[in-house]
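Structures given as structure tokens follow.
Each of the two complexes below includes subunit A, the first together with subunit B, the second together with subunit C.
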Partner chain A sequence: MRHWSRAAWALGLAALALFPVVVTNPAYTTIGVFTLIYMACATSWNMFSGYTGYIALGSAVSYGVGAYTMALVSIHANMAPGASMFWLVPLGGLLATLVALPIGAIALRVRRHTFVVITIAIFFVFQLTAINVGFTGSTSGLILPFISWNESYYNLPFYYVGLSLVIFATILSAVVRRSRFGLQMLAIRDDEDRALGLGVRTTAVKLTGFALAQFTIGMAGALYAMFVGQIFPQFVFDPLFDVSIALMAFLGGLGTLVGPLLGALILESFQQWLTLSFSNSSLYLILFGALFLVVILFMPQGIVVFVRDRVTRRSAREKAAVAAAETTLAGSGA
Partner chain B sequence: MSGSALTYAIVDGVLTGSVYALMATGLTLIFGVMDIINIAQGIFVVLGAYLSYAIQLHWGIDPFVGLLITIPTLFVVGIVVERGFMSRLKGPEKTAMSILVTYAVSLLIEGSLNMIFSVNDVQINAWYVNRSFKLFGVYFAYIYVFGFILAVVLLTALWVLLYRTRFGASVRASLADQTAAALIGINVKRVATICFGIGTAVTAAGGMVFGATNAFNASSSYDLISRLLTIIVLGGMGSLGGALVASIGMVMLEDVVGVVWSPIWSTMTFFIVLVIVLSLRPQGLFGKQLARTA
Partner chain C sequence: MSILSVTGVSRAFGGVQALQACSLEVDEGSIAGLIGPNGSGKTTLFNVVTGYVRADQGAVRFRDEDITGLRPNQVFARGIGRTFQLTRIFERLSVLENMLVATQRQEGWLRGLTRSKSSAEEVATALELLDFVGIAELAELQAGALSYGQRKLLELAYVLVADPQVILLDEPAGGVNLTLINRIAEKIRALNAQGKTFLIVEHNMEFVMSLCDRVTVMHQGCNLVSGTPEEVRRDPKVLDAYLGGGEEEFEGVAGA
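Let's turn to the complex of A and B:
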């Protein structure tokens, strides 16, 4: 079982790495870049919300902070358009983490559903600020230094930086999961008061987890800003972003490692394809909402757990059948 | 600050705030009885506004008269959503799941409304929307007063229903303690379904007034739901009186900030007040102390 899963991971990684080599159409590699950005975000979101059970619906704050870090620094530092701007990606992540510290300190004072509501409220504070202050360019947005790479390979650097973010987020999530810190987060999800009673410093653990999760989301936001070249407050601070990455994690399997990757891969590529083929965002909203309902109502544990349960149940049934047959045989033989 | 501006803030706080109170009461009622946070409340308001708009446009029915159609329609919509989706939610993560499910419902309706009515802003129009009168030195359109009267009538009706009828007693029992209510023979599930219906039905009235006082499209629901959520969290989730006080207080505060400082920042007051209050008092202004749950 173990080497099977390793082979699957290697295969998945190889498929992602080779995708832009095989598919050279820029329209499709663009979909690839967006999909990777969301895969990184969903994985990182899951590292906090999936492990602790605190559903945060304000991740667009980190995404927006990352995007504005990229835009503002590259514009005001008069950076040469090109690969050097990628250095701002980790800076975006760092700032998103710093911004998340006071947010987390306030929001994590409350639990469960009040936490969800307060993350939404804080998100709106940021969105409204970004729309209303001058330095964000307000509703007309900001234009980043124009990168004049040839169209035939323009997407490639973004694709592989995106892939690095996915790998980073996945490894971080896996390491956290196996660490003492990860176990403490899972303990909080299962029973926060008992975890506290057993000596888990719940406040510190929650805050660290929350801030850590924002790092990759901030990096993804910065990469997004650089990739699209122009950002608007209402698109980088987008409430739909918050729900999208939550849904991706739910669809794949909340709290699992591969779930958010799978969920984001399916949903984001589907959404981008839909936009490409129909350019009808209303249709997307309807399909997205319907899919969301189906997932939560019929497989609330997500695809990964759903499939795993089916497989284990079948193998258990087969074992039981074999055992029963053996007993019958033994009985008739006696 | 001029005196008339302050007067305006106070009067508008009471007039507009009461309409918000109506919508927020529905939301807090649903939460109190069912532990469900209905994110779709915002889009229900917009749906109510579009319904009033459409029947006025196509059948020439006055929006206030049209409420006789739209209120029952939204009641049925609420019942369908509750039976179809909400009643399936169970377990300790029910509240968090309900946020996601109602968000999905909201997206479905938003997409449909965009397709039917396009994304261009519309506004309900009638003689009382355009004409205004002078009150304490400030001009108000008649719709504000009519909306206020409507909200007071409906809130009173709701109060009578909740505090003077047998059904209301079972609702209040379910608000206080669902398990105990079930133990003394109250059909909590049926109460929950009807409450969800009532909670969405009031948005028909709120939506009509909202649609007459604001230009709106389907995405107005985001602004609405974020305000309504803030109001009920501030008032204390499940507290009917808290929703009323918080609605009027917040709209007033928003107006005052708009006058004193700048209308740009007035919307943010909502969220900043929420963050401050929750830091000091996590259960909201009138909320019960939350039991420590797993």
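Let's turn to the complex of A and C:
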């Protein structure tokens, strides 16, 4: 089983790495870049919300902070358009993490449903501020230094930086899950007060987890800004982003490692494909709604848990069948 | 010498005075019992001592230290562990992981990020304690699959992980069968022989009277009587309190 899963990870990584080599059409590699951005964000979101059960619906704050870090620094520092701008990606992540500290300190004072509402409220404070202040370019947005790479390979650097973010988020998520810190987050998910009574410093654990999760999301926002070249407050501080990454994690399997990756891979590529094929950017919302009804009705714990349960049940059945057969054989032999 | 002392603690929830100038002394190395009708404030007192509820007035001392108003994690770190009346375990973690949550380390929280879940030593200690309460063979099982009685044992075991000096048990014998009650009593005696102090809330009178050195009766948020089981049993005030509270318990007190 362990070899099997290691092989699956290697295969998945190889498929992602080779995708732009095999599929060279820029329209499809663009879909690839967006999909990788969402895979990184959903995985990072899951590292806090999936592990602790605190469903944060304001992650677009981090995405927007990352995007504006990229835009404002590259514009005001008169950066030469090109690969050197990638250095601003980790800076975007860092700033998103710093901004998350006071937000977390406020929002994490409350539990469960109230926490969800508070994160949404804080998100809208950021969105409205971004729309109404001058330095964000307000509703006309900001135009980043124009990168004049040839169209045939323009997407490639973004694709591989995006893939690096996915790998980073996945490794971080796996390391956290195996750490004592990860165990404490899972304990908080199951019973926060009991964890507190067993010496877990719940406030510190929650705040660290929350801030850490924003790092990759901020980096992804910065990468997005550089990739599309022009950003608007309403599109980087987008409530649909908040909901999308949460739904991706739910679809794949909340709290699992592969779930958010799978959910984002399915949903984001599907959405981009729909937009490309039907040039209707809101058709996907209707289809997403229908899809989620199906998920909630038939596999409420997500694809990964659903499949895993099936597999364990089948292998248990097979084992039972083998045992029964052996008994029959032994019986007939005697 | 008393290891834990509660002096004049009061606490109101809205208009209900759950604790009213309640005082209690627990001697080091003893097994103390806390009884009283439902709603007399026993669990609230536990909550005040362990930091889950803040006292409006009064003080809690542990050895020579004033621990009034400390948070639950700080109280636990000082060496006071507790179980809950309705067992509270981490259902989606394995039994062993439940134990590891309670492992205490003298380290900054940032180091918890980089350190692995547990050292071999910590796992060995956890398994030893699971073996002590008799559920070591369930270590790899998801805790949510445990029966009610097994949950009680797990709760007792993970409180022991941090090697507390005082253990507060909220109805350890509630809702479990006689065999298990005897097993729990036997574990408490064994731990007490190792020097651990107990404070036990329990409605099962036979359990309390046979196990405890001293018993305190609570009534309407206040300590009514304290004494040996024999003294408490004969005190007329205790009968009055129980007659006013719940009659089923009256028989247990008087009939013994």
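By definition in this document, the second predicted complex is superposed on the first by the 323 of 334 C-alpha atoms of A that agree within 3 Å, B and C clash if a C-alpha of one lies under 4 Å from a C-alpha of the other, contacts with A are read in each partner's own complex, and residues count from 1 in each chain.
Just so we're on the same page, contacts are C-beta pairs under 8 Å (C-beta built on N, C-alpha and C of every residue); 3 or more make two chains touch, one makes a residue touch a chain.
Computed from a predicted structure; not experimentally measured.
In the superposition on chain A, A:Arg109 contacts subunit B only, with no contact to subunit C. In the superposed model, A:Ile120 lies in contact with subunit B only, and not with subunit C. Applying the stated contact rule after C-alpha superposition, one finds that A:Asp191 touches each of subunit B and subunit C. Considering which of subunit B and subunit C touches more of subunit A, the answer is B. In the superposed model, A:Ala83 lies in contact with neither subunit B nor subunit C.
By the touch criterion stated above, A:Ile296 is placed in contact with subunit B alone, subunit C being left untouched. In the superposed model, A:Val205 lies in contact with subunit C only, and not with subunit B. Subunit A uses residues 190-191, 193-194 to touch subunit B in one structure and subunit C in the other. Contact residues of subunit A toward subunit B in the complex are 53, 55, 57, 106, 109-114, 116-118, 120-122, 124-125, 128-129, 132, 190-194, 239, 243, 246-247, 250, 281-290, 292-293, 296-297, 300. Those residues of subunit A that touch subunit C in the shared complex are 176, 178-184, 186-187, 189-191, 193-202, 204-205, 208.
Contact residues on subunit C toward subunit A in their complex (touch as defined above): 50-52, 71-73, 75-77, 82, 84, 88-93, 97, 100-102, 104-105, 109-110, 112-118, 158-159, 162. Across the interface of their complex, subunit A is touched by residues 37, 85, 88, 93, 95-97, 99-101, 103-112, 114-115, 222, 226, 229-230, 233, 237, 264-265, 267-268, 270-272, 274-275, 278-279, 282, 290, 292-294 of subunit B.
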